[in-house]
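Shared between the two complexes below is subunit A, which has subunit B as its partner in the first and subunit C in the second.
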Partner chain A sequence: MPIDRAAVDHVARLARIALTEEERERMQAELSVILAHAERIAALDLDGVEPSAHAIELTDVMRPDEVGECLSRDEALANAPAVEDGRFAVPRIIEDA
Partner chain B sequence: MSDAFETTIGLEIHVELATASKMFCSCPVAFGGEPNTRTCPVCLGLPGALPVPNRKAVEYTIRIGLALNCRIAERAGFHRKNYFYPDMPKNYQISQYDEPLCVRGHVDVPTEDGVLRVGITRVHLEEDTGKSVHVGGSGRIADSDRSLEDFNRAGTPLVEIVSEPDIHSAEQARAFVSELRAILASLGVSDVRMEEGSLRVDANVSVRPVGEGEHGAKVEVKNMNSIRSVGRALQYEEARQRDALRRGEMPTQETRHFDERTGRTSAMRTKEFAFDYRYFPEPDLVPLTPSRAWVEEIAARLPELPAARRARFAADYALPAADVAVLTASPEVARWFEEAVAAYGGEPKRIANWVTGDLFGLLNDAGVELTEAKVTPAGLAALVRLVDAGRISGKQAKGVLQAMFDSGAEPEAIVAERGLEQVSDEAALQGAVDEAIAANPDAADKVRAGNLNTIGFLVGQVMRRTGGRADPRVVNELLRRKLVP
Partner chain C sequence: MTELHWLGATELASALDAGEVSAQEVAGALLQRADEVDPSVRAVLTRTDERLLEDARAADRRRAAGALRSPYDGVPVGYKDIFVTRGTVTTAGSRILEGYVPPYDATVVQRCSAAGLPLAHKLNMDEFAMGSSTENSAFMATRNPWDLERVPGGSSGGSAAAVAAGIVPWAWGTDTGGSIRQPASLVGIVGVKPTYGVVSRYGMIAFASSLDQAGPLTRNVRDAAALLEIAGGHDPRDATSIPGPAPRLLDGIDAGIEGLRVGIVAEFMQAEGLAHGVRARVEDAYRRLEKLGAELGEVHLPISLEHGISAYYLIAPAEASANLARYDGVRYGLRVDGEDVVAMTSRTRAAGFGAEVKRRVMLGTYSLSAGYYDAYYGRALRVRTLIKQEFARAFEHVDVIASPTSPTTAFRLGERTADPLAMYLSDLFTVAAPLAGLPAISVPCGLSPDDSLPVGLQLIAPALQESTMLRTAYAFEQDLGFAASPEGRPPL
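For the complex of A and B:
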């Protein structure tokens, strides 16, 4: 199932990625190839095979509930484009309706 | 269209777990504090940081599932829920999707019309977001010019409990949340403070004419910050949808925000809230397969739950339902009461009356929790014993309790210091009784003539002469002996 231009735009919008016209064309082609590959896998006879999201057979990796070191506030805020009152300052959240 | 309507409500409850550290990193969990002082690369979502689940949080989730009569999954997993919002630094929340830890349970909720069984669809584990402060405009999100983010809370273990749509009135919803909060408090897994956001309630409400098969439009109500708000918000929403249907309008499917001040709900702007979450398995986390042995061990350590405690209080202490409800509302209050009863050794109802009446009155006026009060269970028991022994009157005891509440002093010490002790020694009261009779010959004659109502007047005269310290029962007895043939 080749992916259409509207689907590329939708996915780009969901990921908040701005694409140029050239990139949209390339993505449309690449995503179609990826989907075709997924379809080939979906067509396999997998009766009796447990679904799996991991290639390794590891389960139940957990840590004890212990407190460790945190970053200092200055370190935490070091990459922030804008800081105000010790907080990350971000542009207004809701766009004009 | 028929004029009778029925309401269907399902609730989603978020509970912050009271673990020491966060869900996927070792930053401490706490309320408030200086912004951005409890973060690390994991909870800030910095590239390359790897989450590791907190075993205690998984255990607490299983504990909640067991208390809500759920089946504990043999295999559970985490998914990424993708959306962009500034309080979510990774741009996805690690949550559970098709493999939650606990499924299919129920809670039996005591209501005025008997027990209501509410189904629990699922209980799953996820992580909390950071907190936003909106700056500029009115300080609300809609007209602010920017927002400030504090990630201290980001990554706090958060349990989501989803109920079946088995609730049919605002009052039932309020009762359900109240019972659920009591259960969670008993389990010791959360602070369950709605005003601090450690327990958050969202509701899906739909109203339809009775007998119509289709549910009406589902309206989601958010921002109910107390159990009382749950009742108020849903009552308002129920009436709003009913009125719309009566006018022949169909309520729209939307998210509405409850305003504590006006008692109304209003529609939130939907544009930015229409998410497409694109859940996919969290590649950095492997499945959880809680062993049956672990689940059994957690089950064996479950504490007494509110329903069992209520039954025991009613049976062992012979208390009426109203007292039981108040005294078992939190495990702390229940424990305090039981300690006081044990220290007292007499009729439990006497302690119940003092706790639910005068003591709660003082706590409410001062805005103090029982556990923070200076009055101890042993102190209250000693006070009630002083009244029982006739050493102080019930009225004086109220004043002593106030002093105990203010200073934390023992009742004996307060009674001694204030010279309150009742005089019930007959010899000591004889003089005052004789004086009262001599000073009020007419009243004395009336009593002699058989008008016993007048004794009360003479008792009052003796009380005045003794500065209120005489034991009125003894005075009454002495007067009768003198005057009544």
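For the complex of A and C:
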């Protein structure tokens, strides 16, 4: 199934990637080709086949809930593009009342 | 004596033990080699000369004091730039992490340092390990040491090229769909993808978490076994790490393969696109295994061949789209300002991600989105079950499965960049093992008669049977003699 322009734009919004006009066009063509190949699996009879999210099953890995080593605040903030008062700074989310 | 830069890790360890060289001399020789060849090979993303020399000095002091940390103390190791290194820039080949200085070491790095291995450079890679040629690095394309107009494979192309060119004796890479084995094959060295969970993923920048696995790229099979012993084994910091100590892989590696049952994948040998020269060398390899006492038979993996690429290129991008959500311009990496959070994040990711990463994040987001989940991601997970089952059936009859690693030898730079699907088909024979979580190795089997470029033999074993796989590869390698001879080195 070829993917249309509206689907490209919808997915780009979900993925939080601001695509240029040229990228939107290329993405539509390339994703269509890749998905056409991937659709080969539509031909397989998969009734009754369980999905495998993992190759090697390990379930319920537990550890004691104890305080261990962790990064200091300065270390955690050292790579942040913007810091304010010892916190990560982001554009305003909530408008003033 | 062979020049120091051509020695493998075990040979260097012996030379250090015999007092023939010091760790500082080894480090110095490797740095000189990097000066000579890396301007043309371009395997190294961040050179760590100072750190390497400092670590080597410390190794020499330990040796003088009789306080060695391991038999490999003083033998330098390189890292794909996907392993975080405390205090040393780590980018995963991406602009979005340009200049990122991690506050901690990956478990692999920690364990190698604890064994006394000096840190030798951060090596180039396809951005976030997405690619099969290392051309998707945001910073530069690495060249194949055998022919500088050709790619070294990917995504661990920098690690593979650095080992093949004599810049480091061994290096760490990561494999999600073939990213260790395919470059190892294309540059004529050994590459191992262990069973999922044998090597900790802690501090390995995530691409597709259910598939990603770290492994060694080395000049010979023994070195690969040794590096896995150093860094493998359970890590409480990785919940998917298999409980138990590091595997013992060197014991019995030279026991031979008399009576071992080797299954040749019938469908892979009939695959369209298998190059004539690759087929010729791999068929020679099968005959050699038989000569060494193995019993050859056929196994069938039709789903892996027909549907492996489809399943892989739905599952891996889906996981990647979730993993890469963390690059939002807030906690680390690039930020491009915007009027609100959504605009800031969307512009940051537009500027920071390269074309292939955008393509895969889009593909993954699409296949997970409402209305398409069942048709794409859900079905791909079921195909994964079928692939696991067909491997299980094959291993009822054989101990090890053999095939070519890559359908072709190294291709030319630019040859497949315009066609993403053609690039994806480079992984035709390698995607099945990670989907099933199985260990696999690529071991050189000589040069193609068509173009005189290296060809790799892939061996796949049941989960946690690395020792059988390595014993097979070792017997083959010793009998072939390619790795140890000057013929096994690129003309560089």
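Convention: the second predicted complex is superposed on the first by the 86 of 97 C-alpha atoms of A that agree within 3 Å, B and C clash if a C-alpha of one lies under 4 Å from a C-alpha of the other, contacts with A are read in each partner's own complex, and residues count from 1 in each chain.
The criterion applied here is as follows: contacts are C-beta pairs under 8 Å (C-beta built on N, C-alpha and C of every residue); 3 or more make two chains touch, one makes a residue touch a chain.
These numbers come from a predicted model, not from an experiment.
By the touch criterion defined above, A:Cys70 reaches subunit B but does not reach subunit C.
Contact with subunit C, but none with subunit B, is seen for A:Val8 once the two complexes are overlaid on the shared chain. By the document's definition of touching, of the two partners only subunit C reaches A:Ile34; subunit B does not. In the superposition on chain A, A:Asp85 contacts subunit B only, with no contact to subunit C. Of the two partners subunit B and subunit C, more residues of subunit A are touched by C.
Applying the stated contact rule after C-alpha superposition, one finds that A:Val61 touches each of subunit B and subunit C. After overlaying the two complexes on the shared chain, residue contacts for A:Glu21 are found with neither subunit B nor subunit C. Residues 14, 16, 53-54, 56, 58, 61, 63, 71, 76, 79, 88, 90-93 of subunit A touch subunit B in one complex and subunit C in the other. Contact residues on subunit A toward subunit C in their complex (touch as defined above): 3, 7-8, 10-12, 14-20, 23, 27, 30-31, 33-35, 37-42, 44, 46, 49-56, 58, 61, 63, 71, 75-76, 78-82, 88, 90-93. Residue ranges on subunit B touching subunit A, taken from their complex, read 19-21, 25-28, 34-41, 44, 46, 52-58, 77, 82, 84-86, 132-135, 141-142, 144-151, 269, 271-272, 276, 278, 281, 283, 285-290. Those residues of subunit C lying in contact with subunit A across their complex are 100-101, 103-104, 195-197, 210-211, 236, 239-240, 242, 303, 306-307, 309-311, 313-314, 321, 325, 328-335, 337-347, 349-350, 353, 355, 358-359, 361-363, 365-367, 369, 375-376, 378-386, 388, 420-421, 424, 434-438, 463.
Residues 14, 16, 53-54, 56, 58-73, 76-77, 79, 84-95, 97 of subunit A touch subunit B in their complex.
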